[in-house]
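Right, one structure below, let's go through it.
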Amino acid sequence: MSDVLHDLNVESLRKEFPILSQNVHGRPLVFLDSAASAQKPRTVIDSMRFVMESQYANVHRGLHYMSEKTSDAYEAVRDKVAGFLNAASRDEIVFTRNGTESINLVAYTYGRTALKPGDAVAVSAMEHHANLVPWQMLRDAHGTELRIVEITDSGEIDFESLERVFADGKVKLLAVTHMSNVLGSYTPVERLAAFAHERGARILIDGCQAIVHRKVDVQAMGADFYVFSGHKLYGPTGIGVLYGRAELLEAMPPFLGGGDMIEHVSFEKSRWAKPPHRFEAGTPAIIETIGLGAAIDFVNEIGFPAIAAHERALTEHALSVLGNIEGLRILGQAQDRGGVVSFTMRDVHAHDIATLLDRQGIAVRAGQHCAEPLMGRMGVTSTARASFALYTLPREIDALAEGLLRIQRMFA
Amino acid sequence: MNADPYQALVMERSRKPLFARRPHGTDAEGEGRNRMCGDAVHVFLARAGMHVGHESEGCAILLASADLMAEAVAGKSRDEVFELQRDFLAMVKTGQEKPALGALNALAGLASFPARQRCATLPWDALSEALNNG
Amino acid sequence: MSDVLHDLNVESLRKEFPILSQNVHGRPLVFLDSAASAQKPRTVIDSMRFVMESQYANVHRGLHYMSEKTSDAYEAVRDKVAGFLNAASRDEIVFTRNGTESINLVAYTYGRTALKPGDAVAVSAMEHHANLVPWQMLRDAHGTELRIVEITDSGEIDFESLERVFADGKVKLLAVTHMSNVLGSYTPVERLAAFAHERGARILIDGCQAIVHRKVDVQAMGADFYVFSGHKLYGPTGIGVLYGRAELLEAMPPFLGGGDMIEHVSFEKSRWAKPPHRFEAGTPAIIETIGLGAAIDFVNEIGFPAIAAHERALTEHALSVLGNIEGLRILGQAQDRGGVVSFTMRDVHAHDIATLLDRQGIAVRAGQHCAEPLMGRMGVTSTARASFALYTLPREIDALAEGLLRIQRMFA
Amino acid sequence: MNADPYQALVMERSRKPLFARRPHGTDAEGEGRNRMCGDAVHVFLARAGMHVGHESEGCAILLASADLMAEAVAGKSRDEVFELQRDFLAMVKTGQEKPALGALNALAGLASFPARQRCATLPWDALSEALNNG
């Protein structure tokens, strides 16, 4: 397997992640649940500690040293994120709690002003609940329609279904994942963006999974909105990002009201601040934003070419080792797929798999993965899911396969 | 306390349940669903003689728990069933086995797996429903 | 001043706050801006590091060891907060980003269902923007009225105005601060709650400031909703709390849609989870919630009797030393007041005060303190504000006074 | 670069402004407001001869900046004023003094106080407005 590691010195990278040397149930931890949330490198942990130990105060409103330093550090991450996504301007970057809040922000503000009752929002059949439920809520509150773009059996966007969904011209927003958290499929976002734009619709891309594995260029892909969470990108919890094209953000009303999002307040009326501050009410997640900055530096330093190559090799390895296990079914066979592998095993329930692997120190996820409708589409009630990060080793995938065989023997 | 929730008895009853059927004289039914996984158990109850059967779809823990429950309650009174349920819930939480629970003690290992306890208690919820509906 | 320290060994407590030993502009930091955000004790910093280094995974959905441990730690903080506020049940505690989001959550969900167009919301004239702008937004979106309860010149609730505001029976919600972040006044929340309840209204109490200084008992005070932010309570940023009475939360629709807040999702329809999870969509601020737990332990260990006594002594000291400075005007003279002192100085603008104090290492805030309407009410455009924490020393207040005299000499 | 933004000249002109008036022949006006503090500056402009006066309410930096600006632009052409403004903005940001700025260099210390730079540039915004309105 040495070629897998060609670009990335994983063993040495792993030393940056203190948690990876833990034991679980007396066995070395094999953490294959990074798609739910990634572990944190030392530099992220240290950056957060550094702020709290030596340079902390509330941001934006202070005229003293600590506040200015903290504001500078906080706002510098906005520049960093803008660069990371290749946004045209730092003002297109809004900080939220997580990808879920980012999508809800768009549903509440853009959704209730730019979209009119009778307009339709289209989502794919493989969305995470975070990119489905907000549009259901918008439908029920605002009278928009919600339409589903089918996926093929291999787990890719069905372009014929897409055509049908857009045929009557009512769809004004396509909200679609950049990578499925269940099937691992990437979606062709450039093509989807062009498709939507040609038909006068906007596109929101849920990048919660993809952002970890690929270089994202929001301008090149034609994203109107792009969202992700810090905690999956080796950053802290409590911080997420919404990218929105300047022209769209400027036309949107605020989401939450409070300090820092207004120009002027009287009892009668308030005048909103410009984006992005219009959308950041109250004291933001200062420490976590700074932690996210450290995470982006960490990822940038390694570089996406190496990360992507490593991930591709791991995924191929996983597909081949798991594919050899009799009675094991891998969900989805997209051409373009990333480091997430969901599977079922004959006669063994996914929850039993997860519990029994855990007793061997191996962490995988089992259940519906917040994608209940997709489970129905794929004809399963739940799956087990192994997901990979830049610190994942091929031998951890081997350990998974051995663990699964052991479980099969128990259930035989 | 036995730390392994997958004892031989559990494996056996999950593979070859003895009570996976609708008993003769069924006059009440109940259902339990686990939203996390979509697992479901449907309980059939013939109140005369407290005969219980089940139709279950789910993990080994759920299947075995449903089957062991059906066995354990057979012939008991309504009050005895509720007492057994209380004891069972306590045992699953604490891991403390109790002679009165008999074969149900096989599930004591769940105490170290809080997220899986619901799999074992779901059949009992369905049975409660059947008893209260009936 | 030794009697001030009778209950609290501040010098030794200060060792728990690494930042307090920093220098600023070559002078030891005198941090008098804790009302904006408090500094963090080592135990909070360490608790966050501990999770990230040895016990981290996403919560609630995992069947493996790390996820179960993390979920337990996360949910244990809910119990801790419930105990801290004396809530009747842990299910009455909802985690948010900050106090601002907590209030907005109520405005969006309770506000748009329990309140009807034509109903009125009453706020006081000394609210932070966080407890004003959301009700303006509700007014503009939903057709509720917004009424202002006047305050007296000393900075206390004017009960005659309150009577008038409630006279026509239209007020269904009183949203009021527990302690003003500008004037330092506490409000008589028990009396206000009884007043509102007698008239068929609910009460939301903004505890962002008060929570730091006083024991809060939501049941004893009769709060229907109580909100606060972690970062002012020596905890991390990115975490806030909404307490809501069970009966009210249960009737409220969700706020954000996504993972973890639903029982069941199909494309057509979703069934909401019960509170508090109904209101916590997506991956929560796991690390920060655990940090908040450590902050509450820290505060509980010191105990509110000692904290409150220390704060009272500091405030009295500040009122007396600052009161001796000619041309200095302190805003508000409430009977019941806490560790926040806002002032203006003849011929010196608040911003000049803040900048010039900063050059002496002293951090105070200057401006409108996110309470622009209150500025108008008090006849000022901005003020300087010194605020105290459990680590504040009387000699820091003396340093402030000396600094102010030095500035006066410059401007003389 | 001088680190102190409160030099003697600044203190003096903030206390005793020389141009706090409406100049004869005023034919354009402009306004600047800082939302953070409510500070405001109103600029009067007599385009013939580029005579500028101001009515300011605010901190020492704002008052001095407005007054020094009025002095610096007197008699200049419109283009020269815009060039001076560019130089002034750059100097306030970087702290690099420039001979062409003359007395305005007294504000170079603001480079270390980013949050206060707006106080110094606000009068220039108001003047721009007046020049563009006129």
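Each chain gets a letter, A, B, C and D, in the order it is written, and its residues are counted from 1.
The rule we apply is simple: a contact is a pair of C-beta atoms (placed from the backbone, for glycine too) under 8 Å apart; a residue touches a chain by one contact, two chains touch by 3 or more.
No experiment lies behind these values; they were computed from the predicted model shown.
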Which chain has its C-alpha centroid farthest away from the centroid of subunit A?
D
Determine the centre-to-centre distance between subunit A and subunit B, using the mean Cα coordinates as centres, and give it in whole Å.
39
Using CA atom averages as chain centres, what separation in Å is found between subunit B and subunit D?
81
Just how far, in Å, is the C-alpha centre of subunit C from the one of subunit A?
31
Would you please write down the residue numbers of subunit C that are in contact with two or more other chains?
61-63, 67, 264, 351, 355, 366-367, 372
For subunit B, residues contacting two or more additional chains:
36, 113, 116
Strictly by the criterion at the top, what is the full list of touching chain pairs?
A-B, A-C, A-D, B-C, C-D
Subunit A-facing residues of subunit D, complex
35-36, 113-116
Footprint of subunit D on subunit C - complex, ascending:
347-352, 355-356, 366-368, 372, 375, 381-382, 410-411
Quick one: in the complex, what on subunit D touches subunit C?
5-6, 11, 15, 36-39, 57-61, 113, 116, 119
Subunit A partner, complex, touching residues on subunit C are 18-19, 22, 24-25, 29, 31, 33, 36-37, 39-40, 44-45, 48-49, 52-58, 61-67, 97-101, 103-104, 107-108, 125, 128-130, 132-134, 136-137, 146, 148, 229, 231, 236-239, 254, 256-262, 264-267, 269-270, 281-288, 351, 354-355, 357-358, 362-367, 369-370, 372-373, 376
Of subunit A, residues touching subunit D in the complex
61-63, 67-68, 71-72, 263-264
